[in-house]
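For reference, chains read A, B and C in written order, and residue numbers begin at 1 within each chain.
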Amino acid sequence: MIGSFFRVAWHVMRKDLTVEVRSKEVLLTTLFFAVSVVLVFSFAIVREGRAPDDVAAGILWVAVSFSGTLAMGRTFERERYNDTLRALLLAPADRPAIYTGKLLGLLVLLALVEIVLVPLVGLLFNAPILAYPGRLATLLALGTLGFAAVGTLFAAMLVRVRSRDTLLPVLLYPITIPVMIAGVRGTAALFQATPDLAMAQFWIGLLVFWDAIFITLALWTFEPVMTE
Amino acid sequence: MNSDFETLSVVDLARHYGRRKALAQVSFTCQAGEIIGLLGPNGAGKSTLLNILATLISPSRGRVEYGARTAAQGGAEIRGRIGMLGHDLFLYPELTARENLVFFARLYGLTAVEAVAQASLARAGLADRGDDLVSGFSRGMRQRVALERALLHDPRLVLLDEPFTGLDQASTEALVFRLRERQQAGCILVIATHDLEVADGLLSRAIFLKNGRIVGTEEDSRGLSERYRLAIQ
Amino acid sequence: MKTLNPLLIGLSAVMLGVAPWIINAAPYESTMGLVQKIFYFHFPSAILFLVAALICGVASAIFLFGKKASADGWAIAAAELGLVFGSLTLVTGPLWARKAWGVWWVWDPRLTSSLLLWMIFSAYLLLRKYGGPGSDKLGAGMALFGMANVPFIYVSVNVWRTLHPQTSVVPTLPTDMGIPLWFCFAAFAMLFVALLNLRARLEHQRARVEALYLAEDEA
């Protein structure tokens, strides 16, 4: 039972990544969008050639959440195009397994975006990204997981709705604010002049807790929400 | 537990979208080895009915019985015995025909997926084009792959939404041949279509739908187009 | 239920009518002055705001998993009331803040979490309005996440900014301030219950009309 769950999730993820490797559309557009977000923010913030301290964490997470929303919308737009989401739901596989597969595919994509985004923010805003790489990676991984867990569910359930493109951020941002706060504050604790490791640790703990709640809720609601 | 079923019964089915009645008071029964046609103009409720039969949409009222069970009782097991060819074909254009087939074979939990995919490609007449992207295929080729995708797991109930759209003479004949072959194998086939000419020789029985209701099922000696005209107009 | 609603509305109308005199009679708080009196309306609406979130979430869970269609009527009624009482909270809060802190808005945990909850209610109602057919199920899913968020938002913003005064005032309030406060709370609560009842009933009756309309020519 557990075996078939992960088998299905794995195949769905691999399928998504194969499609992405062929077209590279979502990765490239998301990446470019993330960089644009960073630039737009730098125009708003930089004064006399210098960025104020303590903005890097905020900008990083805003870029992650904005570009993440774009990627979610696009991956499900792809499933809508030939109505393949219906085909997935019609398969005798566990529906939560299909959700998990979509989530994993999205996470791989966002991880690739972050691999470019983090050094860029570090470079432009003078953030010490290499001071505590393990903790920073943990914060990013957990924050992205929580955000994407809710986003994948919402994007999936909005596939049938006409105004899905505007409704996705409208629903997603208020709900995922706790994850954003934890991500931003935890990252800021690492980036500040004298890093506050205890604080970072606290936010990491909180992120684990939220991720558990969000993923449980998402797995639980996916089945009833996806039946029209 | 054996999840095969010999009959498909639709009992007083209704589906509403807000105040719009997509389907109302739809009841019929079909037996293994029958090809049922759902005929009617656009918006008659054919697609909604197919989606309800596929368990993708739940009815507002009434029920569908697959043998002795309903979709709620059967769950994934029932889903595993249904094959559907949607109007939008259910294929990933960025994948090759073989990748599409292998992916869905795995999703259906089949074993020896490569062999299954190869056999399906051969039946679709695309044994040598299996590694080409679906996006490069013509409508007819896509349709053949999509049909084989829907039949991969040897479903008991086959649902087809406008399968003849955009097909040339040869493709249509091949499709009809394949559907007949499934009929001989004891499947229940339900086809929603506009194409009365093709349907005429193929169907065991026609159900005429208009505004979500059955407006005629009678069997008589008149041609299908004649009966369609009488029922719909 | 039916006879209860007019009673509740009448009672809360009378109580809200005399509330200004009762609030006026309460002792004059020296540091905040007149503005302190806002508290008598602010506190009840804030509590009912949270109660609405709870009702909306629980009703949504019952709708989604218990497949009880009538629960959806309660969920949407609670969401709309949540928005109303949340707006009251968000308007009265800054009026107080202006006097207490000299600015209309500070990013205090309580203010921030109230604003977020208000945003979640708004998003829910936007989904219900523009989600098209099937938005009842989608809304229920969204509401579950919203409810799960309530304690979390609170905890997170609490740690995020710790400069706010820890206001455990309510239980330690002197009786001559406590009586008008609980008086107002009772009035607001009755109004809330009555409105919730009426709004849910409207939704249930609408569902019945739909059902009758749809069944009309099928007998």
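In this section, a contact is a pair of C-beta atoms (placed from the backbone, for glycine too) under 8 Å apart; a residue touches a chain by one contact, two chains touch by 3 or more.
It should be emphasised that the depicted structure is a prediction, and the values quoted were computed from it without experimental measurement.
Taken as a contact graph, with one node per protein chain and an edge wherever two chains touch, the assembly is complete, since every chain touches every other chain. Among the other chains, the CA centroid farthest from that of chain A is the one of B.
The central chain of the assembly on a C-alpha centroid basis is A.
Computed centre separation for the pair chain B/chain C is 49 angstrom, with centres defined by C-alpha atoms.
Measuring from the averaged C-alpha position of chain A to that of chain B gives a distance of 37 Å.
The centroid of the Cα atoms in chain A and the matching centroid in chain C are 31 Å apart. Within chain A, contacts with two or more other chains are made by residues 227-228.
Per the touch definition, chain A reaches chain B in the complex via residues 4, 7-8, 11-12, 15, 18-19, 22-23, 81-84, 86-94, 227-228.
Residues of chain B touching chain A in their complex: 51, 54-58, 76-77, 79-80, 82, 84, 86-95, 99, 103-104, 106-109, 133, 149. Contact residues on chain C toward chain A in their complex (touch as defined above): 64-65, 116, 119-120, 123, 126-127, 130-132, 134-135, 137-138, 140-142, 144-146, 148-149, 152-153, 155-157, 159-160.
Put simply, chain A touches chain C in their complex at residues 150, 153-154, 157-158, 160-163, 167, 170-171, 174-175, 177-178, 181-182, 185, 202, 206, 210, 213-214, 217, 221, 224-225, 227-228. Against chain C, the residues of chain B that register as touching in their complex are 14, 16-19, 21, 24-25, 60.
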